[in-house]
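Both complexes below contain subunit A, partnered by subunit B and then by subunit C.
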Partner chain A sequence: MVPTSPSAVVSNRVMTPHRLLAVLLVVTLLAVPFVVQSSFWLTFWTMTLLAAVLGQSWNILGGYGGQSSFGHAAFFGTGAYAAAILQVRFGVDARLAAIAAIGFGAIAGAAIGMLSFRYGLRGSYFALVTMAFAEVFRIIAVAWPLTGGGAGLNVPLHAGAATLQFVDRRGYYWAALALVAISIGLAAWLERSRFGAWLVALRENEAAAQALGINIFRVKLGAITLSAALAASAGVFYTQYFLYLDPGIAYGPGYSIEALLGPIIGGTGTVLGPLIGAISLHLLGRLATAATGGAPGLDLAFYGVLLIGILAFLPRGLTGLGAGVNWPSAWRRSRG
Partner chain B sequence: MSFSLVAPTVINGLTMGAIYALVALGLTLVYGVLHIINFAHGSLLMLALYAVYFLHSQVGIDPYLAIPIVGPAFFVIGYVLQRGVIGRASHGREQTVLLVTLGLALIIDNLALYFWSADTRTLDLAYAFETIDLGVALVPVPRAIAFAAALLVAGLLWLVLDRTDLGKAIRAVAKERQGARLVGINVDHIHALCFGIGTATVAVAAAILLPAFYVTPQVGYTFVLVAFTTVVLGGMGSFAGALVGGLLLGVVEALGGLWFGESLGEIAIFGLFILVLLFRPTGLFGTKAA
Partner chain C sequence: MADGGDAAPALLELAGVSRRFGGLLAVDSVALQVMQGGIVALVGPNGAGKTTLFALIAGFLKPDRGRIRFAGRDIAGLAPHLICRRGLARTFQIVQPFGALSVRENIAVGAHLRHAGRRAALAHATAMAERVGMAGMLDQPAAELTIAGRKRLELARVLATGPRLLLLDEVMAGLTPPEIAAIVPVIRGLADDGLTIVMIEHVMQAVASLADEVHVLNQGRLIARGSLAEIAADPVVVEAYLGHGAAAKLGGGTAGVGGG
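Now for the complex of A and B:
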């Protein structure tokens, strides 16, 4: 890693449109609760922000650290279940349960990271093992009486700030926006901190990073723990919002995929990529659903098309648009 | 645990394991040659299951007789997918291939959900409930056929790879892509051929699987994890490994179900998967370093 790479200089010059975009985003997101009147669109924006938090959590490990997880639901679900179980089965105060649940998520991340990284799993192997862990957690959640099994778990309705349940749905929106702000703050910190520099260095070249004296294992472990804690906070939010959980929602492939789609479409390893990706995805998915008359599944099929399109033409995501379109060589017809 | 209870469980596990092996054969071929993990493998299986299902319910073709139709058709689908989409969109990066095939899986699964709804469909076949008496256990006929078919398909794939010029070219590409290109092998064509053969294999698996199984749009995800496990267990790229890995998984799952209860039996599969990935990522028979 050369400390003053030319790209750093260039990125200073192109910061202005990015800054403009950031200001636009902040203004839009702050305006939503005042402008939006229908509960449908408030839910839409709240869910979009939840996806942005989950996406940023994936981005910390997969984007900055280059360790693509295919099982982020393992952390999301652990946060969601821990919050629900602590409140329902043990009568723990909601605020305390939320903090503990984030801790449990972090522990799950550290445990999975400890095993995977200790044995040097990388690339596709790491992706597969995270997926397998999420699936193991799902099966446990089905079988364990504490989770309520396949029938799911209901959190009783007790509206109030102390129970983290808001009668005015705008409360949830503000909470989600706060989580987004925290997640973006974390990413911004990564870009400036020594830890973040280590993380990016090992993504670019693990052997070289190690040769420079970076403790690869500890940096990866730190990243997965941080990432898992953030994913767990999204899980806690889910529990408080819907007051219901089942193993398929918490640990199924849905949220694992949601976690990686946003950052890849918005731009991996960037501060705003996950948020921009989540907003674009949800808006386009909504459009696709509306255009087809609310058919189930079509928005997800559309996500798949978008994912392949982005990978093919914009490997750096939407935030990399300034760098130009990357035409696959075969489509340029330069080679047979 | 008494023998009279364990023996049928093991035999039941072996026949289920043969199905896992059959499904995993195509995946291991694609991994062995292209060095890519095809996340859409399960979705292609699901698509083939629907093809076989509709060939029976709409046209009246028996699932086993559908093999000469779905095999070639899915070969073409696989060839076009690799040559037209996966190879181009992934810029040749392993990590990106995984994501591109994930995108394909999303498209295929959700289009299936849209067109065919989430209903579970099964075929109503006269011979589905006939059994063969093995003395210690009764084996349903479709399961016995699947067992024989797994051996046959693995043998055929091995023959093609080991004994033909095409196989020689495929092995050359798998070992040394650049060198193969230099001696005049069309690498992109071989890659697409392999993907086509892998997809045709999964279509054959679907035809053999359907009489003993069911189809829903989600069935692919159930199988994709098991297929990955089989491939990793056997050593990526090894047909014999996939065969043994599949059978082993079937037995482990059946015994796990017997001892820990039905719902936790599945955990044995993924537990084994994680253990093998961690401690022996080259698999029980693999030679390639991970």
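Now for the complex of A and C:
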């Protein structure tokens, strides 16, 4: 019997509503630099895209592979610092520094993966270990003269394509959009490759995956390395955009949380989840600030309440909306 | 123990395999030879060490002592994925489907061992599904399958890895008699296609219709082997199942079973 193009069957089943959403997203994101005039909103959208890249990097490991990291700042910060240090301390060409920084990020990922997966760390243990690594890196960055310590590190301003610095802020937007496209391409590749199938299999059941000939250590290691390289690329972007780094920014919990929040809100283990999550979260943050009229702290409380609401009602994230809303059992009863 | 079959080397050969869990000797110097082709059944009371023995063969547990050879090479202590790659695959007594994936995607994970491309793996998965009678359920989420469906999926997934020897751990447990009657010819078909099968099974009707040879494991030791009729008549086996003295009472034909 001739199989009727199996991939076509799969895509017909899941892609139709998602394809519409994807087209809408692409059009919106392509229009932003032409429509948006204020630098505030251009920055807003650029930072949203940066979060989407970081979120996708988390999603590769945590979403597809089920290995939830709480310390993606370790990779983000390593990329950011490596790019800055290579340029400032060693006078390396910015483009070369960017590529090398992504390599350093990948090495950091492989090293942390080697140590944690070799000893079979999973679930909360893996999360704690990654968090600890990010914190250790932060402390090293404070202490090490090469990083400029707590005072931070400035990258001199030299606008130009060769220095990967753009006078027109739209240039950064396009660069961020390109990174988003690459990250989404990676996720799409995972969904139709052997490596991706193995990764999802070990997320679902490690023993069964091993019984089917999968070297789960090697696959996890590959996933964390890829994930870390992508997170490092987001870090490089940060350095080139702000031209300033300090240990709290690079290795603090802020970007570790940013990395996991987007995919969880948008939908883990989905191609578009991290992007949708990042856009939703950033818009929500703006909404919270606007709604509370700038009263200090109140916006964060409001933001928190909104987040709890999303997590309670949409356990599969925003892309899981099609599967229905998870009403609390008490409500379900009263609704008959 | 290892008499006969000297002409052809065994496909699977265990010698003196032991594994201890604390104070319990779960598998005690097991020697076993499985020849190429055919179906061998492994039976024994609950807790006899059957699943532990499978885990030792498939690499999920390391033996404390003993030798395990598969297709002429030592595999004792090798990682499970390496053993699977050599063509020795197992199913799980407690089925372990990848719940978030469809039936086809589940089987494709196994097919990827020999097929790098997605398209080829999915096509092979479809073929394997047909082989175990799941052609109509390809797009169903694995989490929604019945027990019988999950058992078939477990079988199809492992078949997709292209094994020479299959270890089937109670693929019939929990099935209704009609479901058992439906899966027996599937397993017979696999053996007819040249696969060697070792099955742990409590359903004696299935053992009777499938197995060429039956090995009995009790308290970690192999205590008997032969045809089902032979081992059923073996007083040692009867005692293992029914308790000390049972064989004498049954054999003597006296009515004093509950006597005292």
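Please note the rule applied: the second predicted complex is superposed on the first by the 300 of 336 C-alpha atoms of A that agree within 3 Å, B and C clash if a C-alpha of one lies under 4 Å from a C-alpha of the other, contacts with A are read in each partner's own complex, and residues count from 1 in each chain.
FYI, contacts are C-beta pairs under 8 Å (C-beta built on N, C-alpha and C of every residue); 3 or more make two chains touch, one makes a residue touch a chain.
All values reported here derive from a predicted model rather than from experimental measurement.
Chemist: Which partner chains sit in contact with A:G171 here, subunit B, subunit C, both or neither? Use first/second/both/neither.
Modeler: So A:G171 meets neither subunit B nor subunit C here.
Chemist: Which chain, subunit B or subunit C, ends up touching more residues of subunit A in the combined arrangement?
Modeler: Of subunit B and subunit C, B contacts more residues of subunit A.
Chemist: Once chain A of both complexes is superposed, is A:V142 in touch with subunit B (first), subunit C (second), both, or neither?
Modeler: After superposing on A, A:V142 lies in contact with subunit B but is clear of subunit C.
Chemist: Quick one: classify A:G152 as touching subunit B (first), subunit C (second), both or neither.
Modeler: Neither partner.
Chemist: According to the stated criteria, A:R194 is in contact with first (subunit B), second (subunit C), both, or neither; which is it?
Modeler: So A:R194 only meets subunit C here.
Chemist: Looking at the overlay, what does A:A211 touch: subunit B (first), subunit C (second), both, or neither?
Modeler: second
Chemist: For A:A127, select first, second, both or neither according to whether it touches subunit B, subunit C, the two together, or no partner.
Modeler: first
Chemist: Any idea which subunit C residues touch subunit A in the complex?
Modeler: Listed in rising order, the residues are 58, 60, 79-81, 84-85, 89-92, 96-102, 104-105, 108-110, 112-113, 115-119, 121-123, 125-127, 130, 139, 157-158, 160-161.
Chemist: Taking the complex as given, what residues does subunit A use to touch subunit B?
Modeler: For subunit A paired with subunit B, touching residues are 68, 70, 115-116, 119, 121, 123-125, 127-129, 131-133, 135-136, 139-140, 142-143, 253, 257, 260, 264, 295-298, 300-301, 303-305, 307-309, 311-312, 315, 326, 328-331.
Chemist: Could you list, by residue number, the parts of subunit A that touch subunit C in their complex?
Modeler: Against subunit C, subunit A makes touches at 1, 3, 6-7, 9-10, 13, 192-194, 197-198, 200-201, 204-205, 207-216, 269.
Chemist: Taking the touch rule as given, give the residues of subunit B at its contact with subunit A in the complex, in rising order.
Modeler: 37, 85, 87-91, 94-96, 98-100, 102-107, 109-111, 113-114, 217, 221, 225, 228-229, 232, 261, 263-264, 266-267, 270-271, 273-274, 277-279, 281, 290
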